[in-house]
Each structure stands twice: as C-alpha cells, then as structure tokens.
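By letter and in written order, the chains are A, B, C, D and E; residue numbering begins at 1 in each of them.
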Amino acid sequence: MKDIILKAVPDAVIEEKQKLTVTVEPKQLHPLIKALYSNKELPFDYLINLIGMDWGEKLGVMYLLSSSADMSREVVIITSTDDRQNPLLYSITDMYEAAHLNEREVYAMFGIRFINNPDMRRFLLDDDWNGFPLRKDYDADSRLNPITIVNKEIKDIAPFIMEDADGKLTEGTTRIFDENDYIINIGPQHPSTHGVMHFRTSLDGEIVKKIDVNSGYIHRGIEKLCENMTYPQILHFTDRLDYLSASINRHALCMCIEKAAEIEVPARAEYIRVIMDELNRISSHLIAWSAHCNDLGATTAFIYGVREREHVLDIFDKTCGGRLIVNQNVVGGVMFDIYPDFQKDVKAFIPYMREKLVEYDDFFSHNAIALGRMVKIGNLTREDAISYAVTGPAGRGSGWSCDVRKHKPYSLYDKVDFREIIRNEGDSYARYMNRLDEIEESLHIIEQLVDNIPEGEILAKVKPIIRLPEGQYFQSVEAGKGEFGVFIESRGDKNPYRVKFRSPSLAAVSAMPLICRDEKLTDFIGIGGSMDYVIPDIDR
Amino acid sequence: MDLKKVKIKAFPAEDFKDTDTLQAYIDELNANGTNVMVGKLDQMINWGRANSLWPLAFATSCCGIEFMAAAAAHYDLARFGMEVTRNSPRQADLMVVAGTIVHKMGPLLRRVYDQMAEPKYVVAMGACAISGGPFVNSYHVINGAEKIIPVDVYIPGCPPRPESLFYGLLQLQRKVKAEKFFDNKRIVRPYNPATLIDPKTGEALDVKNEFKAPNPLKGK
Amino acid sequence: MDNVSLFVVVLLAGLTLVVVGLGAALLLSPKSLNFQKGDPYECGLPTHGTSWMQFRVGYYLYAILFLMFDVETIFLLPWSTVVRQLGMSGLISILIFIIILGLGLAYAWRKGILKWT
Amino acid sequence: MNYSQPLELTGIISTLDTFFRNNLTPFWATFIEGALILIAILAAYAIIALALIYIERKITAFFQSRLGPNRLGKYGVIQSIADMVKILIKEIIQINDVDKFLFYAAPFFVIISSVLTFGAIPFGMGLQAVDFKIGIIYVIAASSLGVIGVLLAGWSSNNKYSMIGAMRSGAQFVSYELSAAFSLMTIVVLSGTMQLSEIVENQRYAWNLFNGHIPAMIAFVIYLISGHAETNRGPFDLPEAEGELTAGYHTEYSGLQFGFFYLAEYLNMFIIAAVATTVFLGGWMPIQIKGLDAFNQVMWYIPSYVWFFAKTGVLIFLSLWVRWSFPRMRIDLLLNLEWKYLLPINLVNILLMVLMVLAGWTLSDWFPGLFAIAP
Amino acid sequence: MLKFHFIRKIFFILLDTNNFKITQNIPPSGFRGADINNMNPFIKYISGIFTAVKSLLGGMLVTWRELWRKKVTMQYPENRDTLVISDRWRSELTMPHDENNEHACTACGICMINCPNGTINVISKTIETEDGKKKKILDKHIWDYGMCTFCNLCVITCPSDAIIFNNDFEGAMFDRSKLVHQLNKPGSKLREKKPLTPKGEQKAP
C-alpha cells in the first residue's frame, strides 16, 4: 500500500499511528486518493469518515478511507491549508458520493470550500449563520446569531468553485430546482421523516423528480460541546446521537477512550456490554420495522413492534434505570451491574421474540399490498451503496458485506457465533427482511452469552481525571443503522481537542435522492422507512 | 374556583404537585368575578376540552420516541382520548414539544404553533424542550421552547417515561378544567420578548400587540 | 308524504346540520389572530410558489375510461331491471354492448394506458 | 302470514300520522311530520356517527392489544361526546388565499351527500325516509356527491398536500364507483327491482347473497372492496394518507369544518355497510324459513331495526378489521386493482348473473319450497 | 405480451417459501430471473388473485387472534397504588436526610464540577466553628430538574454519598421555576459520622 501511495505522491509523509496516516499537500490530495481508489488489488472505495480539523494555524481535512472488499484495511489521509480567510481544498466528490454532504458540512463548520464540488451550500446551518462554529476562534456571542421566529427563505441557488484544465478557478452558481417545478416540502414537521429531516421534493404528478436534502433542524453542536468537556462527561452525548442505538454508540466512545488510555475492561463488563448492545440492536430494529410499517400505512404493525420493544426497555429500565437513554457504559466498564433476575428476563424474552418474528411474517412480510410497496422499490446497487457509504442492514441489503462486527471485531464479537445477513436485491424488501433476520441473529448472540457471564468486577480501576496521550484515535462499531465511528484527537488534556462521530444515518439520507428518483411520492416515504435513519445522528 | 373541585379520575386532587401555581392562575382568571350560569357551561366545555386533547407531536428527538411508546400498546394514550394524533396543526389542540429546539427549528416551531386553532396548549416534554437540557451551552440550541412559544406544562426527564408524560397530561387536564370559556385571557399569550428579534431591523419584536397588528414583516 | 317532499326534508336536514353547526361554531369559538395563521401549512415552512400550478396528473386517461363505463352504467341499470322479461334477446343485445366496451378496456390495457407512468 | 311484532315502530308512526292528519290542516300536518322526520334523521345521524367513532376507536385498540378510551364513563363510552363538545367550539381558522366560496362549500357537499344517502336507507320496517322506485340509482348518485366535496376541499385549500390528496381521491373515486355500481346492478338483475324496500321484501326467505350464490358472492366482495375504497378508509386512505400528505385533502380545515369531514367519513362507512346489508343480506328482514311458523315468530319478536343494525355491525366490523390489518395501497396498485381486476371480473360477473337468472339457476328456482322469493 | 409486474412479483415471492424463513442467510434471488415467461398469462392472473387473497387473510388472522388476547396496557393513574417503577430508575435527585435533619453533603462541589451541563449548583458558606476554625459548609444545594440529563455522574462521583436519585416520576409542573429544587432541607446540617446510605446500596443489585 505504501508503494501505491509513494508512487502517486512521492513526497507524502507516511506515519504508522493507530492507523496508517498519510499527510499530503492540498494539490496532491486528489491524485493520491485517485490512486488509492482505482488500484485494482484493494480499491479504497469506501469513505468512512471525512473530518474537518482546525489545528490552530492550519485548517484541514482528514479522510478515513477503507476498502469495500476488506474493511479492516484503513488509511488516514490528512491535508491542510494555511489560509484561514479563504480556505480552499479539493473535492473528492467525483469518486465518493458520500463526500457531498460531508464536504458541505465541513464548509458550514470550518468555512473550508471545496474546489469542484458542484453544490457548496452550507449543510446543517442556515446560509446566513455568522462564523464557523467548529473553528477554535469561533465567537459564540448570541447577539451575532439571534433567535428568530420568522422563517428564513431557503435558497435554491448553489454556489460552486470549479477548476478548469489549466488550473484556473472560476466561481459560479447553479439552480437546484427549475422555475416551474412543483416543489413540496416533506418535513421537518412531518410524521414520516423519522425526525426532523427536510426533503425538498420536486414532483411530476405523483412521481419524485428530484430531492434536495436539507438538514440541521436538530443540529445541537455536540462536537463543539465535547471540546470543553472531560471524557466521562462526553459519554452522555453519544446516547443522544442515535438514541435508538444509545448503548452501542456509547460503547464505541468508551472503547475509543479505553484504547487510548490503555484501560483493560473486566470480562464481566464486556459480557454485559455486548448483551446490552444486542438488546439495543433488537429494540432499534424493532422501531425500524414498526416505523417502516407505519410509513407504509400499517399502524397496527407499528403498535406491535413497539409492544415487543417494551420488553427490552423493561430489562434496560431494571438494569440501568433508563429506558431509551440507558447510561450504562462508562470508561473502564459499566455503570450498573446486572440485577438478579436479568438472566431470567432475557431468557424469557428470546423465545417470546422468536414467536413474534413469525407473527410479523404472517402479518406483514407476506402481505400482498406490502410486497407491492416494497419489492423492486428503491433499488440501491452494491456500487452505489459503497459510493454513498451506506452501511448496516441497508448496505447489506445491497449485497455489500459491511458488518463491522465481522470485519473489525471488537469486544466479544470474535468469540461468538453469528452470521452476517446479506441480500443482493438492494430493494426496500431486502432491507426490510435484513432487519428481521438480524433480530434473529442478535437473539442468537444473546443466547450464547447470557448464561456465561463471568463473575468479577464490572469496572476497571480508572483515574478520576482521564487524560488521553497525544494522538488520534478511531473506533468503529456496528450500530443499529450501520457503522458508527468515533474519532478523537487529543492534545494530552483532560478535554479532547476534536471529537467527530461518523453517522451511519447521514449516508442513508444522502442516498435518498438517488434511490427515490422516479419513484412515486408514496414510495418515497416507504423507502425512507426502509433506509431507517435517525436525524439527530446526522445533525449531531 | 376552588381547585378541590377540579377532579381528575382516579387521581386524588391533593396528590397533585404544584397546586399553588395553578391556584394563582385561577385567581388571576377569577379576578373579574364569575357568573354561576356561565360556570356550569364552562364546566361542560372544559370537560370536553380536557378529555379530547388531540396532540400534535412536535417530536424532534429522543422524547419523540417515548411519546410514540406512550401511544403504543403498553401505555396507550387512547385511554385519555388522546390517541388521535393530528399531523395538521389546524386540527390539534395540544402541541407536545418533544425534543431539542435549535435555532433553525425555532421559526418552524413558532409557525406551527401560530397555525394551530384556538384553544391550544403546549406541553414541553423532556429536558431539552424545557431548558435545552444536555445542550444548554451549545451555540445552536434554544434554551427551552418557552423562548418561542408559551408553555403550559413542563414534564422533566431525559426522556421522561410515559407515566411521567401521563402525569403531565393529567396536570394539563387540570389546567384546562380550571379555565373560563368566556374569557379572552388565553388569546393574548405571554411571551418572553427579549429573545425575539426582528431579523431585518435587529430590534426586539413587539409581541404584545402581535395578534392585533398585521404582519410587520410581510411588508404589506 | 310523497317521496319528493321527503327528499326535500332530507336535503333540508343536511343543510340544517351544516348551517346550524357552522353558525354555532363561528359564533361560539374563540378566535385569535396572528400573521402566520392564515398561511398554508406545509410542514412548518412557507410554501414554494403557488399550489395552483400546472402539474402532470396520471389520472386523466382514467377519467376518460371512467366516462366510457359510466355511460354504460346508465344504459345497463334500466336494462337490468327488465332483463327477466326481455329474456335471451336482452342478454345477447347487451352482451354485444359489453363486449365492445370490454374490447375497449382490453385495448387500453394493452396500449399501456392502465400502466401508471 | 301475519306474525306478532310487538317492538316494531310502525304502529307509533301510523298513530302519529293519523293524529296529525285528524287534528291539523293538511299543510300543518305535513309540515310537522316533515319537521319530525328532519329531527329524527339528524338525531340518528349524530348518534350513529358518535357511536361509530367510539366503536372504531375501541375495536382498533383491541386489534392493537390496547384498551382504547376508558376514562370517560364506563369503558369510555362518552369519549366521542367529549370530542364533539370540543370540536364544536374549536376555532375555525380563516385561511388566506383560499378559494373562499369553494372552501366553505366543500363540507356542505360532503355532509349533504351522506345525509341524502342516509335518508334512503331502510333501517327497519317502515323506517325509511325516501323510498324512490329507482332507489339504487339514487344511492349511487347521492353518495357520489361526496367526492365533489373532497375534490373542492383539496383544490380550494391552496395547499400542495391537499391538492395531491384531492387528485388522488378523484381518480380513486371515479374508478371505484364503477365497481360499486356494477356490483349493485348484478343484484338488480337478480331481484328485478331498484326500489330498496322491495329488494328487502324480496329477500324474506332468501338473502340475495345466497339466492344468487356464486355471482352474488363475487358481487358482494367487490361491493365491499369498492365501497371501502369510496369511503377513503384504509387500506385505500390515499387522499388523506397521513404518512405522506400529513392530513391530505382536509389539511387546512379546522374546528367544525374538519369535524364534518370526520363525521362524514364514519357515516359513509356506515352507509356502505348499510347498503350492502340492504342489498345483499336481507336488510332489516329477520331470518325466515318458509313453513317454520314458530321459528319465524320467534325471529319477529326481535325487532327489524335490531336485525338491521346487527347485520350492518358485522359488516362494519369487517371493514374495521380490514382497515387495521393492511398497509396503505399505492395509487397505481389501487387503480390496477380496479381496472385490471375488479372491473373485468365485474363485467363477466354481471353476464353470469343474467345467464343464471334466465336459466333458472338461482336457489329460489331450484328450491322454490324453501327459498321462494317473497311474498 | 401483457404486463403483469405486480402479480408476477407476488406470485413468485409467495411460491418460493424459502424467502420467508427468518434464519435463511441466502438471499432470495430466485424470483427475479426465474422462468416466468412460459407461464400462461391467464393462469398467472388467476393464481395471482388467490395468492394475494391468501396472504391478506393470513394478515387478518394475526389481528383476529390479537383481538381476543389479553391486553398489555398498564393503566396509569388507576394503578398508582400498585405501579412498580424499577428501583434504579432515575427521576429526582434527592439528598437523604436522617431523623436529626442531617445530611452527608460536605459542599465539596465535586458533583457540580462533574455535571456536564451545570445542572447542579452548590452554594457553600463559611462559618466559624466553636474552636475558632473556619469551615466550609453547605448553604444551598440547587438542582434543576428541568435541565438534568440523568447521567448519574454526580452520584457516582460524590465522595460522601450525599445524593441519590429516587424514582418518583411524577414531576410535571406548570411553572419552570418550580423545577429548580433545593436539595438540602432548611436548617439541616452535616452529619458528623457515618453516611446514611452506605456505598453500594444504590448501585449494587
């Protein structure tokens, strides 16, 4: 791999950190990534994360790339610019569709504009937002950005910067929608956008012509908040990202900190964590199933799904005193030990859930109307899934083996037996079935673990104030919606210098305009249900 | 009106918390004196209103899921006659603000609230909607829905469990039952004007006269 | 009372319901005004352009087909009451009628008009 | 044969009629009778609607393993009264930029359509307001007025969701109206009359559903499906598809105006079930077996309107059951179902029925001793 | 050739029963490229109707069974007397006081420092004890119910176990200011010896 890198860019700085890290000049970034992307043996075609950075004097971007064929191979590419007034970097949207929204987010947060990105509007923030919040010199004076109660106009005109063949930069604008388009707002206050997503949809009769994703209606600035907090304090934010996979997200952050601080987690804690994760995954998939059915108009199915989920929540409630936001994982172990009847309750739940899965099949999976609404609707090919970085049950529905638990095993996942559910159709129905199958696999994992929880401590000895050694740390887990990643850059303080979360839902949403094109308005909602995104996860 | 007379089924009146705030509210309403006939009519109308609060779930994040859980089989909002969730604000009586309200969402919240038909009530569900909760220090979070719209009942929790939500809704029923129908007090609503700034001029909006005056921002 | 006057009574019942109901509601209901209340609701955002815009609907051809068959219904209904008296000749004459219409439907089907685009 | 019918209302009605005729001038007698009928219809309309709203909410809850409203009165029976009180004094919002006249006219169409149809339903012996000779055509015509209301509501609202909802409902309604008409026509062929009271009378010993066996059953199923679709209820609730159009054609309606749409939706459900009962299931006629006088007498002790509501109730339950079991259709699937399945089947079915009637293959032809068309 | 997309889909999915085995790992690709063109369209049309009706009836059977099952709804507030909320459920932060109106809070402020969003405000005052030493004691321990995220950091870091969460979930108020609680009771003072709740009682199962 180093050969490829050095062949493409001879003066790249290669370091072996937690991951292979390459630092290049902005001009060389595109050729380097192109070389990695197009190499035959192991194409680095999966953009896991695109992280904007402010190193004080320099502004830059970090790319975490991986290969769809072998997800354990990862490379970090760093590039940066000195110009803080008008920072310009090169876009990689021509190779990775996933980069579109990510680059727009970096623009909103850091003010870095990307050359050759066709749509350089701000993502998450309003167009007239003063300042770039994630820069270290951001002025948080509330008078600059007052609260308003008057709707702002949403601009249809997207600026861009293009570089032509001789390296000349030209700025221009494009229209997102035509003058005469019939544009309808789906969201933010809408029953079926799974939160507060805003899809501006142009319709041709009933048929969706174009979708413009507009997000940020729940952007809470978690990453900025993290920079002023100690590591234990950050933990509670992860629960509130993808609140349906609260425990799993928190597990990721805990593991990232533990890895950096070299804390050994007791075996009992690991077992509890994995059982809780899988229970959480079941509850997440149940909500996904329910919401999907509800989107297709089956309210009763929604009620059934939530009913089964209550059993999981009861276990959570008794274990850690929270139903949705569980607060279970802490750095070095878990906060609460299991309660005496934990095993009994979990073991009662497993056959119950299996029985209900059969009922779900009778009720919905075979239903002629439901099939008409799902089969061959919202097709996402494997190539597109990789390019848009759609992971999780949705990505696996397109035939891409992308289960982090298999490819980059963490915690106990290399010790338990489970199968990765893959379907090749790439339609709504494949995604739908994948979720139901994954519930079954999760039950299987829990079955193996629940009787073997070892005795012992639940919490390792951790210093009262945790300081991570200087460096960059990554950790990915398989959350309910796909690969959830945590990145921490530490300067050795008790606060992180920069925290970034990879959101699986962002990828799912960015693929929506592609898979909904030429589908009917009704199916647009159904496809959204099958992609199963959680908006606070995207907006952070 | 004595608060002891406000009856909620299966919940003793003395068990309710925060009775003094409600008492103060009633005293304010009663300042003009009340007519017995109107009182009876009021009771009938309030009975209808209190038991038929159709919610509009302004669900932005985690609390929205708990709201859904409350509507589902285990908790069942329908028992209170509130399962008819209306997605159009025109038909809803109660707005459940469940989740964080951020700067970008503020105008929308206000618009949806404005478009609701009278009488309308607002419940702030969860820490975020009450005060900004975990994100209170963030640059993009409005510290509580009360900065945008008047809130009737605050339900703390992060997220509150469905029973908590029910308790809050019972509190709201109490408040609804204490109101006077032939009284226009509710129409002019209290605001926190300091935070509402006209984006064009940068001045504070005069919200007190907002209902009487034509839209100052439409430029008509 | 004859049927027509009863019909008028029923019609009046409907009118009374709406008029009295709406009148009472308009009289009794509380009102408030604000500058956003009258705007159309579209997920809490201002509408983009007008709603009365030309846009393609796929139902047009269905409406034409409907007209065709609705005319048929009008012919068939009186026929159906007397079909017992008409006997076989009634069946055959209407069979031709139905076959022609059925062919029309089959043609439309085959031409792909019934396929939503 | 005359059976004793202690609980029927015919006696009271005719006593009242003679009382008014004897004591008042013909004009005033007619006037008072008309007023009484008007009040009776409105009362029945309101009570049935409120009861249906309660029943639907309760049955839905049971399907979903919930309890449903249970805090107002015993088992929550007065829940819908609270709803009515509330909605009556809810603000009616004046929307800017709507087509004012049409916007306010829409609820009129919807309500009047359902009241007109409601008036034609024979609820029991002598309990029918309008009994035209062309009853079936009247029912079809009056019920199709409702779609005008829906279309107007959606179009005049100046709201994109409403607009799409209205367009959908237009396509849906015109399509399914054909099926409804054809399947009713199949029964007209069988019973040879369009007058609803006569159709009921003809089914004294043999319900049309059984008398016409196979074609009648097909017609029955098709009528239920298309009737269900005409009322815009799930799985055919596309015009108000909550998932995508927030509230569909009535997004902009508030207060009682919305209440009327809500009311009419339930009443239409009732009307479809009632027409199906009348046409296929013998209407208010008790179960009668030719020759078994004792049995028939026992059946007649149960008043006719109880029979009617029992049969209608079963159909309403069926409709709720279907509604809460299935996901929503998509518009093209919906139109496919109509134009590629129901309509061709219906055309064939009607010919089949004619053939059967002419060839004498109905049950009453085969077993005249048991099922002869009465009287 | 007439087009029967919809029916074709349904029919072939329903024929291939393997698709619906939950544990099946192999993707159901059979119905896509299968040999369907040889089939008589009319048979396809008819059998499509039957399979569709069968599947719909199967769905209706599930709801029918549900109609007669015992309902799972718990009835708050009717069941207030019997309602069990799990002991670990975190609702209100409280400071246990014993019968002498004494608590264990030493006003060290660790909870305040550890709170991620400033929910806790510990106001201390300095008094002079009898032997002339200056001592910091608790004046007000203020906790904002409406802001708390229930992350439990204050409780687990408290060195003297002075505060715990209780599970009284009925907290809705009409007034925002009513949600700000003062945890120490008026006139209470610091307990001299052992804490009221030994460590572990709250956390251990």
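Just so it is clear, a contact is a pair of C-beta atoms (placed from the backbone, for glycine too) under 8 Å apart; a residue touches a chain by one contact, two chains touch by 3 or more.
Given the structure is predicted, the values throughout are model-derived calculations rather than measurements.
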Leaving out chain D, the still-touching groups: one piece
Farthest chain relative to chain E (centres taken as mean CA coordinates): C
Chain A and chain B, separation of their C-alpha mean positions in angstrom: 34
Between chain E and chain B, distance of the C-alpha-averaged centres to the nearest whole Å: 23
Where chain C and chain D are represented by their mean Cα positions, the distance between them in whole Å: 16
Mean-CA-position distance for chain D and chain A (Å): 51
Residue list for chain A, restricted to those that touch at least two other chains: 151, 182, 184, 186, 188-191, 203, 206, 236, 300, 303-304, 307, 310, 325, 363-364, 367, 369, 372, 520
Residue list for chain D, restricted to those that touch at least two other chains: 61, 63-67, 70, 89-93, 160-161, 168, 242, 246, 251-252, 255, 324-326, 331-333, 336
Shared-contact residues (touching 2 or more other chains) in chain C: 29-32, 37, 39, 41-45, 47, 57-58, 109, 115-116
Residue ranges of chain B touching chain E (in the complex, touch as defined): 8, 10-11, 17-18, 21-22, 25, 73-76, 79, 127, 130-137, 144, 146, 151-158, 160-164, 166-168, 170-171, 175
Residues of chain B that touch chain C when the two form their complex: 88-90, 108-112, 114-115, 118-119, 181, 184, 186-187, 210-212, 214-218
Chain D residues touching chain E - in the complex, by the definition given at the top: 59, 61-67, 70, 321-322, 324-326, 333, 336, 341
Residue ranges of chain A touching chain B (in the complex, touch as defined): 125-126, 133, 138, 140, 145-152, 188-191, 195-196, 216-222, 224-225, 228, 236-237, 240, 243-244, 287, 302-304, 306-307, 309-310, 313, 323-325, 535-536
Chain D residues touching chain C - in the complex, by the definition given at the top: 30, 33-34, 37-38, 41-42, 45, 88-97, 107-108, 111-112, 114-116, 118-120, 129-132, 136-137, 157-163, 167-168, 170-171, 174-175, 177-178, 181-182, 185-186, 188-189, 192-194, 246, 251-252, 255-257, 259-260, 331-332, 335-336, 339-340, 343-344, 347, 350-351, 354-355, 357-358
